[in-house]
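The following pair of complexes shares a single chain, subunit A, combined with subunit B in the former and subunit C in the latter.
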Partner chain A sequence: MKVNELASKLGYEILTREHNDADIKDGYTSDLLSDVMGNASEESILITIQGHKNTLAVASQLDFPAVLICNNRTAALDMLETAEKLKIAVLRTKDNQFVSSYKVYCEIKG
Partner chain B sequence: MVYKSDLHIHSCLSPCGDLEMSPSDIIQTAKSKGLNLIALTDHNSAMNCPALNELCMNDGEISCFFGIEVTSEEEVHILTLFDRLDSVMEFSDLIYKSLPEIYNDPDKFGDQVYVDSENNIIGEVDKYLGSPSGYNIASVIDKVHSLGGLVIPAHVDRPVYSLSSQLGFIPEENFDALELSKNYVLGGNSGGNRNIILNLDNFPHITNSDSHYLNDIGAVYSEFETDDLSIESLRNLLNRYQISMKIAKNRQS
Partner chain C sequence: MPDRFPISTEKSPNAIMEVILRLKIKDAMVTKVITADRNATMRDIQNLMKDNKISGVPVLDSCRLIGMVSVNDIIHALDKGHIEEPAIDHMTKSLVVLEDDMPLSFAISYFDKYSYRRFPVIDKNRKFTGMLSSRDVLSVMLQELNKEIKELEEKIVNERDELPNQIARDFFIKKFDFENAGKSSFELKKLLKEKNVSSAVIRRASVASYELEINIAIHSEGGRIVYLVDDEKIEIIANDTGPGIENVDRVVEEGYSTANEWIRSLGFGAGMGIPNTKRVSDEFEITSEIGKGTSVKSVIYLEKKNESE
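The block that comes next holds the complex of A and B.
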């Protein structure tokens, strides 16, 4: 499923002004970036509360098309600037990571 | 003058610090271990630094820096060091205000008390100091540098609360140095995954005891030479990699 379709279906806010509308092949939920780097598969959507630019460093290494920020947490300005440069979408939801994981799983794997 | 420094020491203010860790006992123990420079670096608060300052000024044999071990938004522990009491107290206030409204339960997490120079408890900090602050790594660097302090990610090799555990890499930020843990310097296994530590060699290294108990003070330390002790001179020495990591003699055998 493409980034824009997922965001629209689940009502996610899109915080980045531009991104590649790439295919989301898998998902991974974690707030420890070292864990993400070690265990997530490529082209996943990352479900997390870590709204800072270091999240993008890991996301770009693994070719993630999107990062979903949960609990309506703030995404730092430099995170969004980095994301726009890398063409990675930063989405946001009021749902927590547990609920988000369920909803995203149903869409991309269900 | 040659400085034997332990710049990462917790006091009774840290919930995980022993109640015996009063500023005066820390100073006496540090002197007995042959140190002549220490920094008090509690989690997310500098409320014991005023007592340390008073004791150090009256002591004359040992010098002190003031610090905070900040928990960043990424839950990375970052050592911040200052030579001005007003600067560390200003930073302490900002960090404390940014902590979430989670209050300490001394029975579960430990006491968070601050004392005067004679070890009398003068207050208790309400918010739990183990929580992450509202400052991310980049904003900690900006704020601390603007206040004239040093920014040194703590125990970068450790498996918890470190750059390697939380991020898995050393970001290209304007760090003044990286701190390596006691276990790393002693050659033991610090439990962290050293293979994922990138850019470790791009920064100067220091080591400190990260003491939570009096006995641990000075087990490892960092040594450097200057005739003009200040945070600025330490920053310059770090830039030139003129600081060496040492192991206390009684531990070397």
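The block that comes next holds the complex of A and C.
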């Protein structure tokens, strides 16, 4: 499923002004970057509360099309700037990681 | 014949050309300047020169520059008995001035064209804003080139040690430089893609390079990461200058981390970096000495690609 389709279906806020509307092949939920780096599969959506730039270094290494920030946490401005440069979407929801993972799973795997 | 300015505006290296075109005269000029107003006498200005140990004084009418008095003008006035008369009658009025918005290259060509050592600077409303000497230009150039060289050093491509068929890349990593953390891994990934290395191998190399790079940034005083790629293998070598690890056997165990609260809040500190790196490597080596530094080497073979897919 494409980033925009997922965002609109689940009512996620899109924080970046531009991104590639790429295909989301899988998902991974974690707030620990080495865990993501070691275990997530490529082209996943990352479900996390880490709203800062370091998240994007990992996302870009693994060709993630999108990062979903949970609990309505703020995304740092430099994170959004970097995301726009990398064309990675930063999405936001009020749901926590558990609920988000369920909803996203149903959309992309269901 | 005036000495030529030591920087050419025509055939300098690109980095220098870029700097002298990018920097403006206002970036180099001195704005705290001793000036005289239109009512000053030549004697007043002689005193200003003596008290402030300067050799030229701009004369202003409110903010507008109307002339300059040089040491020569003073000598001349003493000689001819004009020293108590208004400066306005004996100053140099036909001036060569620079505008503060002009690029520095303009000033450099002026230093070559005229024999003056300094020029008054005005803004676009013709208001006097400062003075520019060749020394000011050289000093701002040196500062700028220092910055430039530092940046170049950081992205230095170390081709000296390359063997035939080998690509070598070398990156400096600074302490807590999250701004650039991940950049060297990004470069490695790009290079491997260009080399058509399989995506599974690229993934493993990404894990190792990213983890080692981040560890240098968060746990060490700063260091360096080197990538050596040939047709057989990828070598990732991370070296830093301290503080070193007391017991390297512990860090290869999953979950061991000394990351503090602040580092953890940034998403690091799971204690998985080194174990991840070891897992993706075909050969893995870590050595460390307290006070000296840590050295980690990860080797990944390209032909393993079939196996791991």
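Definition applied: the second predicted complex is superposed on the first by the 110 of 110 C-alpha atoms of A that agree within 3 Å, B and C clash if a C-alpha of one lies under 4 Å from a C-alpha of the other, contacts with A are read in each partner's own complex, and residues count from 1 in each chain.
As a convention for this text, a residue touches a chain if its C-beta (ideal position, glycine included) is under 8 Å from a C-beta of that chain, and two chains touch if they have at least 3 such contacts.
Keep in mind that this is a model prediction, so the values were computed, not measured.
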item: Three-chain arrangement built on subunit A, subunit B and subunit C clash or fit; value: clash
item: First (subunit B), second (subunit C), both or neither touched by A:Gln97; value: neither
item: Partner chain(s) touched by A:Leu62 [first = subunit B, second = subunit C, both, neither]; value: second
item: Touched partner set for A:Asn54, first subunit B, second subunit C, both or neither; value: both
item: Which of subunit B and subunit C A:Ala76 touches, first, second, both or neither; value: first
item: First, second, both or neither for A:Gly38, with subunit B first and subunit C second; value: both
item: Superposed model, subunit B segment overlapping subunit C, candidates 37-45, 109-117 or 199-207; value: 199-207
item: Footprint overlap on subunit A, comparing subunit B with subunit C; value: 32-35, 37-38, 50, 52-54, 57-58
item: In the complex, subunit A residues that touch subunit C; value: 31-35, 37-38, 42, 48, 50, 52-55, 57-58, 60-62
item: Complex interface listing, subunit C residues touching subunit A; value: 178-179, 181-182, 185-186, 189, 199, 203, 206-207, 210-211, 214, 266-273, 275-276, 279
item: Sites on subunit A touched by subunit B in the complex; value: 32-38, 50-54, 57-58, 76, 78
item: Sites on subunit B touched by subunit A in the complex; value: 73-74, 136-139, 164-169, 171, 193, 196
